[in-house]
Structure formats: structure tokens, C-alpha cells
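In what follows, subunit A forms one complex with subunit B and a second complex with subunit C.
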Partner chain A sequence: MLKKISIKKINDLAAALMEKGTLLAPVKEAAGHNFAEIKDPQQLDLNYYNTIVSPKTVFLPQKEDFVRYETAKPVAEAQPVALNIKATFLFGVRPCDAKSFQIMDIHFHASGIIDPYWQKRRDATVIFGCAFDLDIPAQDADFYQTLGIGAADPEGSDVFMVKKGEDLLMKAITPQGEEILARLAMLGEGKPADKKYFEEYIKKGSQHQTRNMCLDPQVIAKKLEDIFHSGEFWQAQSAACLSCGICTFVCPTCYCFDICDDTLFSRGVRRRVWDACMFTDFTLEASGHNPRTHVYQRLRQKVCHKYSFHVRKYGVISCVGCGRCTRYCPVNIDIYSIIQDAMKA
Partner chain B sequence: MINKNPYIPIPMKVIKIIDEVDTRDIKTFRLSFLNKEDEASFKYLPGQFAELSIYGKGESPIGIASSPTEKGYIEFTVMRMGTVVPGTVTSALHDLDEGAQIGIRGPLGNSWPIEFLEKKNVVVVGGGFAFTTLRSLVNYILHEDNRKRFGEITVIYGARNPGLLLYKNELAAWQKRSDIKTIITVDKGDESWQGREGFVPAVCKEIAPSPQNAVTVICGPPVMIRFTLPVFFELGFSKENILTSLEMRMKCGIGKCGRCNVGYKYVCSDGPVFSLADLEELLRDFATYK
Partner chain C sequence: MTDFKQIENNLKKEAKKLLESAEVPVVLAYARGYDDKHPMPFAAKSVADVEKIVFNEYCNFNMARYIMRFPDAAKIAIAAKAADSRALVVLIQEEKVRREDLVILGIPASGMKDPKTDQLIDSRTTGGLYNPVEYDILLGEEIRGQKIASPYAVLADYEAMDKEARWAFWKGQLDKCIRCYACRKACPMCYCDPCFIDQNKPRWADKAPQSPGNMMYHLTRFHHLAGRCIDCGECSRACPVGIPLYLFHKKVAKECEEMFGQAAGMNLEDKPVLVDFRVEDSDQILR
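Our next item is the complex of A and B:
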């Protein structure tokens, strides 16, 4: 099913989606765009490259309240925080980020114990992916092509959107996508010419140039195992690293979290919050023992987790080449260069 | 109430607290379930652990020290951690009185591989405080319903001094039984100590358990493990037949939070029990035995 709407009328689409549920889309903030709830249909804005923080925030928010308690009361009286999820439309996700959800799905609800929070949010959300603008060159940091993701790759989206002049073409990719497009009365039918344009755009997207190297998941996984104990390599790569952890916070596939109790005057909330393997106390044990005291050990953990351990455990590289970690690193550490150097090492 | 959310603890009541050692920093907590449904669904095997939870303090992963053959309660032996900065949860646990309520999440992790151990001789080697899940295993094997499924059982357990041995009454009872060989040793005895003196690795060498159809299950401080493993290599135990249990800082306990990731394994959900063959496959920035 291919539908279309004039970009001038995009606010009508926003209003219709807001009636049906929560609409989340890139919203311009002082420093750039970030996903946020659209409160006014006029806020919907298609003029962004990509968001600062990845849309993982929608499924794995930085803070997730588990249970409310009072320390003076019995444990049995603690109240689990109900997760009331409304139907959600996540609008304008770039192809690399849409792919990241599939990678995270393997961890959170396709292996072992299912994470109820991730699953409920995922189930309630329809992803409206949106192709990068192929007339604009990819930013220097991006390397999603290396990970086999095209600039107009519909994989991972329920509805995929491509701009065609003054129009926005919207194609249903999954049954959920079909369903929502059928319910949006203001959309026009896509013509055969639109269909052709859409398909060619997707093909063209796979040629859209980002930094690119030939990377086989099994090969890089093995390579990183081989150089794991090369202190020299990792020390050189991490020499500038400040352990600030911003790479993990903006990353669409970093999921490490902490569970902590936040108590004030005997009332509190147990919640999970994002954590990062780059932080010094991430592995600090109560005994005082810390297996990863050095910066190089932590950067190695991050890189190897994504490009080696994840491949061994789940079969896929846990990186989509969105370039955020490189873009926001205060000391210009670039995971693409690390992988490139590792392949040569 | 059956709690299906793996992050929300179930309520338990502390029904008994036992001071285990002279230094009074290791206590065994016997907990009973407040809800029958929770009790029915809490099915565990020796070697598994649970997150002990005190609201306002946090959670700590602790091995289950009781055996599943003991009905109506579960036990955890907990050391009060931290010398400079106190361990928040373990200190709070130690400050509890009988009758208090705490939460637990579990059972978590894999277990000692019971089926793999069946029909084999089992050599249990423990040191100091790291004897809790080994005690669970020994009591499980010794239960009348289970004993005949296993071959000879040898326990070699050591502590720095007699006052630091855990489960003293049980050890004495095992020593009186004919279907288990129990060797207790201390690094240094006191005036009243009648038993054996010597470090665990040396005692293992002296006892020299046969590797024929045998598996050894080793838990102890890193220094003990480091010197005990070569003894078992020399005796001819294969890496598949040397098992141990890893510790690592954990939070979720269900393989999601990423904290206990070592190589491509999560200690909490893929472990904590690993064979030496497993461990050698992992990339160990946590080398304790090399």
C-alpha cells in the first residue's frame, strides 16, 4: 500500500495521529533535534538530519520507575508502577535507527527472560521510518553503509516515508503499517509514477555514500578476540578517552542500565536508569575489587561488546553506523577508525 | 500474587538469623515465603542465586545456601561487605532482626549441572566464605531421595582458622556419615583445634582424589583457586570436569543490564557456574587463575 500527502498538509497528518495516540517526532531544540511528544500539530518538522539522542529513549527511557515503596512499611506493601502505554507513533525514524530496534529486540525480547517494559512499549508503537535526503551528502561521522544499511532502507519500519518534491510518499511495510495508513483518511493514493519513484529511491539509497569498509561480522568478531590482550592497541585507541560515557548515552544500541533506589524521607522509587560500561564504577564490587579500573579496559569492553561479543552471542554486530558516538565525543574518538585499525592490526 | 515482572521482588520474612563465624560478619538468613504462590513457583537447584532486596538500600546477588530438598524456607549466607565504604545492602541485611521483611528476585542463573554430576564421583572443594552454594549441593546430594544417583562424594573444605568455618554443625554431622568423605582443614588451628592444618591446595594434593569418572566443583577465594586448579590438572581432571562459580557485580540478574558481561557471556544468566573449558573460551580480563 503506497499513500501520499502534500508536505504542506503534514500538520493534518500530525493532528490525525495525535487523535489516535501519542505522536513522537524530531523536535527542534537549542542544540538540534530530539524525539519528543508533539503537542501541537504545527511542531511536526521534516527538516532534520538526525536526532542528537537516538530514539531508543522511546522504548528504554533514561529513567524507568519499577516500584514505589516506603522504607518503614512491609515489602509486601510496595506498589509496582503500572505501565499504561497508549498507542504510540514514532515518526521520522532514520533507517539506521529503525534497524537498531531490531538489534535491541534480540536482547530484550527474543532471548532469555523478556523485558516487560521494552516489550509493551514496542508492541504499542508504530514506526514511521523516513529516508535520509539523498540530495544531501551523509555527515562525516556516519558509516551505516558499512553495516549494510541503506540511506533509504525500509527495514525495521512499519511505514516508510520518502520525500518526492512537494509530496511525502508513505508505504506500508508491515501489517501494522497497513492498518494505520488505511485509517488515515487525509492520505491520497500513490500513483504508479510514485511507486516507481519510491522503489528507485530505495535502490538509490543503498548507493548513498557514507564511510564504508568491507566488514564481515564473524571476521571482525574473531579479529577483536585475537587483539583483546594487546594492551598497546587499546591504550593507543583510548589515550584521549575521558570515560564520560556520552557515546553510550546517544547510542541507539547501548542498553546497559543500573537499578537504583531513590529515597527521600522514607518514601522512594526503585527505578532503572541508563548506565555505561565507560564509567569507572560500572564494575566496582562491594569488596572494593574492580576488574576494569583502566580506561583502555572500558573502551575495549565497549568496542568488543558491540563488534565481537554481540556477534558471538546474538549473531549480529550491535552497531548501526549512525555516527552519533563519533559526532558527540568530546575528544574525537571514532569507533569506525578503531574497527578499521583493528582489522589492520 | 504471582509476580510476573522479573524486576519486582517477592516479599519474604526473615524467620531465623544464624551468626556463622567468630568475626560476626557472616550471617545465614533463613527466609520464608509470605505468599504460597511465590513458594510454589520458586523452584531452584543448587548453584543458583537470587537478588536480595531491601527497599531504600538496593539489591545484592547472593548464592542460595539451602538445598531445594529443604522445604518451607530458603537460606542465604551473607558477609557484611566493605572495610572503608560499607556494602550498603549487606550491612542493611546484617542489621535486620528476625521477623523483618525483605524482597527477593529469583531463582537466577544456571546451577551446578546436576544431571552431568549423576553417576559420577563428586569432589567438592571449598574455601572460606565461598562455600554457600557448595553446601547447597552437598545437602542436595546427601538427601535420601538423591544419594544413590551419585557416586562417591568427597568434600574438602578449608578456612583461615576454626572460627571462620561455616555451617560447623553440619560439617560435624557429615564427618560422622559413611556415605560422604569430609575433610576439614584450617590454615592455622587454635588450642582447641583437633583437626587438620594446611592450605586447601596442599590438602587436595595429599588426598589426591581419583579423576576416574569424577568431577570437581571448586569455589573459593581467587588465591585458593589459583593454586588448587594445577593440583587437579596434575591429578588428571579434564577442563570439562572442573567446575566453578564466578562472581561479578550484577544488577538485573536476568542477562539484560549488561553489567556482568565477560566476553560473550553474562555471568548472571549464562553462569554463574562455568567449567574451566568454558572459561578458557571467554576473553578474561578477570583472570584469577593465570
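Our next item is the complex of A and C:
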């Protein structure tokens, strides 16, 4: 099913989706766009490249409260925090990020242990993917082509959207996508010419240049195993690294979290918050021992987890080449260059 | 003004000399990153490394941040622009490093840019000085005759706000914080190990990125930098969500300067204002 709408009427579409559930889309903030709930249909605009923080926030919020308790009362009286799930439309997801959800599903669902928080949100959400604008060159940091993802790749989306002049073409990719498009009365039918344009755009998207190298997951996994103990390599790669958490927090495939109890005056909340392997206390053990006291050990962990351990365990690289870690690194550490250097090492 | 390419050549020349003669085992400078617009802090450890050194308008990192990473090096050479040199002065005053263990390669520079915005980095977000305040070798001509704008001029709008408006302003800004801690990691003065926010016995604040914990983290850090911040602006440039941290630091620096007559990191002979006590000191702080 291919539908279309004039971009001028995009706010009507926003209003219709808001009637049917929660609409989340890129919203302009001081430093750039981020996914946020659309409260006013006029807020929806398509003029963004990609968001600062990845849309993983929608399924794995940085802070998730589990249980509220009072320390003076018995455990049985602790109150689980209800998961108030509503139908959600995640609008404007770039192809690399749509792909990231499938990688994250491995950890939160497909490997057998189901995280109800992730899964319920995932089930309730329809993903409206949106192709990158092929008339604009990809940003220097991006390398999704290396990971086999096209700039107009519908994989991972329920509905996929492509701009055609003044129109926005919307194609249903999954049954959920079919269902929602059928319920949106203001959409027009796509003409055969639109269908042709859409299909050609997707093909053209796979040729859209980002940084690109030939990367076999098994080969890079093995290579990183071979150089794991090369202190010289990792110290040189991490010489500038500040060991802050930007790269992991903006990353669409970083999923580490910490469970903590925040208690104030005997009332508390048990919650999970994102953690980052780049933080010193990430591996701090109760004994006081810390197996990763050096910056190079932490950066090595991050790179090897994505490009080696993850490949060995699940068969796929845990990176989609969105370029966020490189783009927001205060000292320009670039995971693509590290992988390139590792292949040559 | 000596152009950036010439400074790069001079930097390479001096680095080569220092490494060749084994006067220092490491020269802290800059290297090319994934493209010319994105250079990286770099530790040259051999003559072969020297060729990788670059200098251009995007080399705005504060290299003093890295000075304590080489506990085994008896002596370190460091490329230092105005702000970096001020940071070194504070670190020397605070006895984190000894002056005689440093070879400071001073870089006079104007026209540095933020690669994220391509905007000029000037006195609005930094101290706005052009020449290093302390150096052994100057890698270009001292910049004279260029207007030095007050680093506090940018505070006009902020100071026009009343107490409630300022609280609302900071609450709004700090609510954006995602607690990646890039600000403290980019800061040359943030060397506490462990940082109070990482301590868990006691834990000083929530780990969650929300109002009380964010306030606790930033307000403590702001005040911990009172009289120490040298206004390099690295915290604000590092911030992925665009919190103008420099405003608070500038405000505190201004008050310090008014009360104690000295700006941080300008003179090796100064004592840090919150360490020193003089009978004639302002008692305004006790208001």
C-alpha cells in the first residue's frame, strides 16, 4: 500500500496521529533535534538530519522507575510503578536507527529473556521510517553503508517515507503499517509514477555515499581478538579519549544500565538508569577492585563489544554506522578509524 | 599574526628537537582526526610521531587536561594556547605538576573555531585572550594591537535577571543534562579522583538525569571551580545538549575578580583565591 500527502499538510497528519495515540518525532532543541512527544501538530517538521540522542530512548528511557518503597515498611507494601503504555507512533526514524531496534531486540527479547518494559513499548509502537534526503551528501561522520544499511532502507520500519518534491510518499512495510495507513483518511493514493519513484529512491539510497569499507563481521571479530592484548594499539587509539559517556549515551545500540535505589528520608525508588562502559565506576566491584582502571581498557571494551564479542555471541555487529559517537565526541575519537586501523594492525 | 601553518611547522620543529634530544619522552600536541576539520589531542612519543602533528583553527582542546596522564614521565612538553597556559598555571599553583617538569610550547592564536557550529571562539564563551601567559618557547609572534574584549560582557543579559529568573533559567538548562559527564572530563581543573558524583558511600546525588541530581552535580561542580576556572569554554563545547555552562563560570570568576582582584591562572606567583587569606580580603562572600 502506497499513500501520499502534501508536505504542506503534514500538520494534519500529525493531528490525526495524535488523536490515535502518542506521537513522537524529532523536535528542534538548542543544540539540535531530539525525539520528543509532539504536543502541538505545528511542531512536526521534516527539516532535520538526524537526532542527537538515538530513538532508543523511546523503548529504553534513560530513567525507568520500577518500584516505589518506604524503608520503614515491609517489602510487600512496595508499589510497582505501572507501565502506562499507549499506542505510539515513532515518526521520522532514519534507516540506520530503524535497523538498530532489531539489534537491540536481541538483548531485550530475542535471546530468550524478555524485558517487559522494552517489549511492551516495542509492541505498542508503529515505526514511521524516513529516508535520508539523497540530494544532501551524508555527514562526514556517518558510515552506515559500511554496515550494509542504505540511506533509504525500509528494513525495520512499519511505514517507510520518502520525500518526492512537495509530497511525502508513505509505504506500508508491515501489517501494522498497513493498518495505520488505512486508518488515516487524509492520505491520498499513490499513483503508479509515485510507486516507481519510491522504488527507485530505495535503490538509489543503497548507492548514497557514506564512509565505506569492506567489513566482514567474522574477520573483524577475529582481528580484534588478535590485537586485544596489544596495549600499544589501544593506548594510541585512546590517547585523546576523555572517558566521558557521550558516545554510549547517544548510541542507538548501547544498552548497558545500572539498577539503583534512590532513597530520600526513607522514601525511595528502585530504578534503572543508563550506564556507560566509559565510566570509571562501571566495573568497580564491591571489593574495591576495578578491572578496568585505564582509559584504553574502557575504550577497547566499547569497540570490542560492538565489533567482536557481539559478533561471536549473536553473529552481527552491534553498530549501525549512524555516526553519532563520532559527531558528538568532544575530542573527535572516531570508531570507524579505529576499526580501519585495527584491520591494518 | 603568525599563521596556523607556520605555527604547525614551528611546533613540529620544537617537538622533534625535544624528542630527539630525549629532553622529554612525550610532547602533547594535536594530530589529524578523521578529517582536517576534526583534529585530536595527541601525545607524540617518538620522532616518527612528529609528522602526525597538526595545528589549525579547530585545535581548541585544552591540552592541560592530559598533563597528569603520564606519571612516569619526568618531564613533559605541551602545546599551550592562552587558555591552556592559564590552566597549567592553576595546576602548578595547586601542585599537581611542577613548573620545572614542563616545557611549555606557547601558541599565540586568534580565530579559533568550533567545528560543530563553525563559529569563532571568542570572549563570549572563553577568556578571549590571544597569547599564552606562561611559556618557555613561543611558536609565533605575540599578538598585539587586537582588541581584547571583556570576557564578562556576555553576562549582561544574565545579570539583568532577578533571582527567580536565574533559578528558572538554570533549572531549565540543567534539566536538559543527560549526565554524560563530558563537561567534567573535558575540564582541565576537574581532576578529583574519584569525583564526588561517582562516590557511593555516601552517594551525594541520584544517578538519574533529573532535576535534583542534575542540580547537585552542576552546582557542586560550579562552586568547586570558583576561583579556579580559567574560562577555556571546553565544558560548554563538549556538552552534547548545548548547556551554556560558561555563563555560570564567568559569573563566579567575575565576582572572584571583583572581590579578590585576581583572575585564575594569570600569574604563577599568585595563590589561588580560595587557598589564600589576606586581612584586606573582601568579606562580601559572607553576605
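Note that the second predicted complex is superposed on the first by the 345 of 345 C-alpha atoms of A that agree within 3 Å, B and C clash if a C-alpha of one lies under 4 Å from a C-alpha of the other, contacts with A are read in each partner's own complex, and residues count from 1 in each chain.
In this text, a contact is a pair of C-beta atoms (placed from the backbone, for glycine too) under 8 Å apart; a residue touches a chain by one contact, two chains touch by 3 or more.
Worth saying up front: this structure is predicted, and the values here are computed from it rather than measured.
A.B. asks: Once the two structures are overlaid on subunit A, check if subunit B and subunit C clash or fit side by side.
C.D. replies: Subunit B/subunit C on subunit A - fit side by side.
A.B. asks: Would you check which partner chain A:A240 touches, where first means subunit B only, second means subunit C only, and both and neither mean what they say?
C.D. replies: Once the two structures are laid over each other on A, A:A240 reaches subunit C alone.
A.B. asks: Which partner does A:P74 reach: the first (subunit B), the second (subunit C), both, or neither?
C.D. replies: A:P74 sits against subunit B, while subunit C stays out of touch.
A.B. asks: Looking at subunit A, does subunit B or subunit C touch a larger number of its residues?
C.D. replies: B
A.B. asks: After the fit on chain A, how big is the angle at subunit A between subunit B and subunit C, using C-alpha centres and going to the nearest 10 degrees?
C.D. replies: 90
A.B. asks: Under the stated touch criterion, which partner chain does A:V219 make contact with: subunit B (first), subunit C (second), both, or neither?
C.D. replies: Touch partners of A:V219: none, neither subunit B nor subunit C.
A.B. asks: Does the superposition put A:S308 against subunit B (first), subunit C (second), both, or neither?
C.D. replies: first
A.B. asks: Regarding the shared-chain residue A:I52, is it in contact with subunit B (first), subunit C (second), both, or neither?
C.D. replies: second
A.B. asks: Contact-wise, after the overlay, does A:G268 reach subunit B, subunit C, both or neither (first, second, both, neither)?
C.D. replies: first
A.B. asks: Touch check for A:C260: first (subunit B), second (subunit C), both, or neither?
C.D. replies: So A:C260 meets both subunit B and subunit C here.
A.B. asks: Give one of first, second, both or neither to describe whether A:S287 is in contact with subunit B, with subunit C, with both, or with none.
C.D. replies: first
A.B. asks: Please give the least Cα distance, whole angstrom, that subunit B and subunit C reach in the superposed model.
C.D. replies: 6
A.B. asks: Taking the two structures together, which residues of subunit A meet both subunit B and subunit C?
C.D. replies: Overlap of subunit B and subunit C footprints on subunit A: residues 258, 260.
A.B. asks: Mind listing the subunit C positions that touch subunit A in their complex?
C.D. replies: Contact set of subunit C toward subunit A: 33-35, 37-43, 61, 65, 176, 178-182, 184-186, 194, 198, 200, 206-210, 234, 237-242.
A.B. asks: Show which residues of subunit A lie in contact with subunit C when the two form their complex.
C.D. replies: Per the touch definition, subunit A meets subunit C at residues 29-32, 52-53, 62-63, 140-141, 239-240, 242-246, 249-250, 258, 260, 262, 271, 273, 276, 279-281, 326, 328, 330-334, 336-337.
A.B. asks: What residues on subunit B touch subunit A, complex-wise?
C.D. replies: Answer in residue numbers: 4-9, 11-12, 34, 53, 55-60, 81-85, 87-90, 101-103, 247-249, 251-252, 254-259, 261, 263-265, 269, 283, 285-286.
A.B. asks: Quick check on the complex: what are the subunit A residues that touch subunit B?
C.D. replies: Subunit A residues touching subunit B: 66-67, 69-71, 74-76, 78, 80, 107-108, 111-113, 115-116, 225, 228-229, 255-261, 263, 266, 268, 270, 272, 275, 277, 282-288, 291-292, 297, 300-301, 304-305, 308-310, 312-313.
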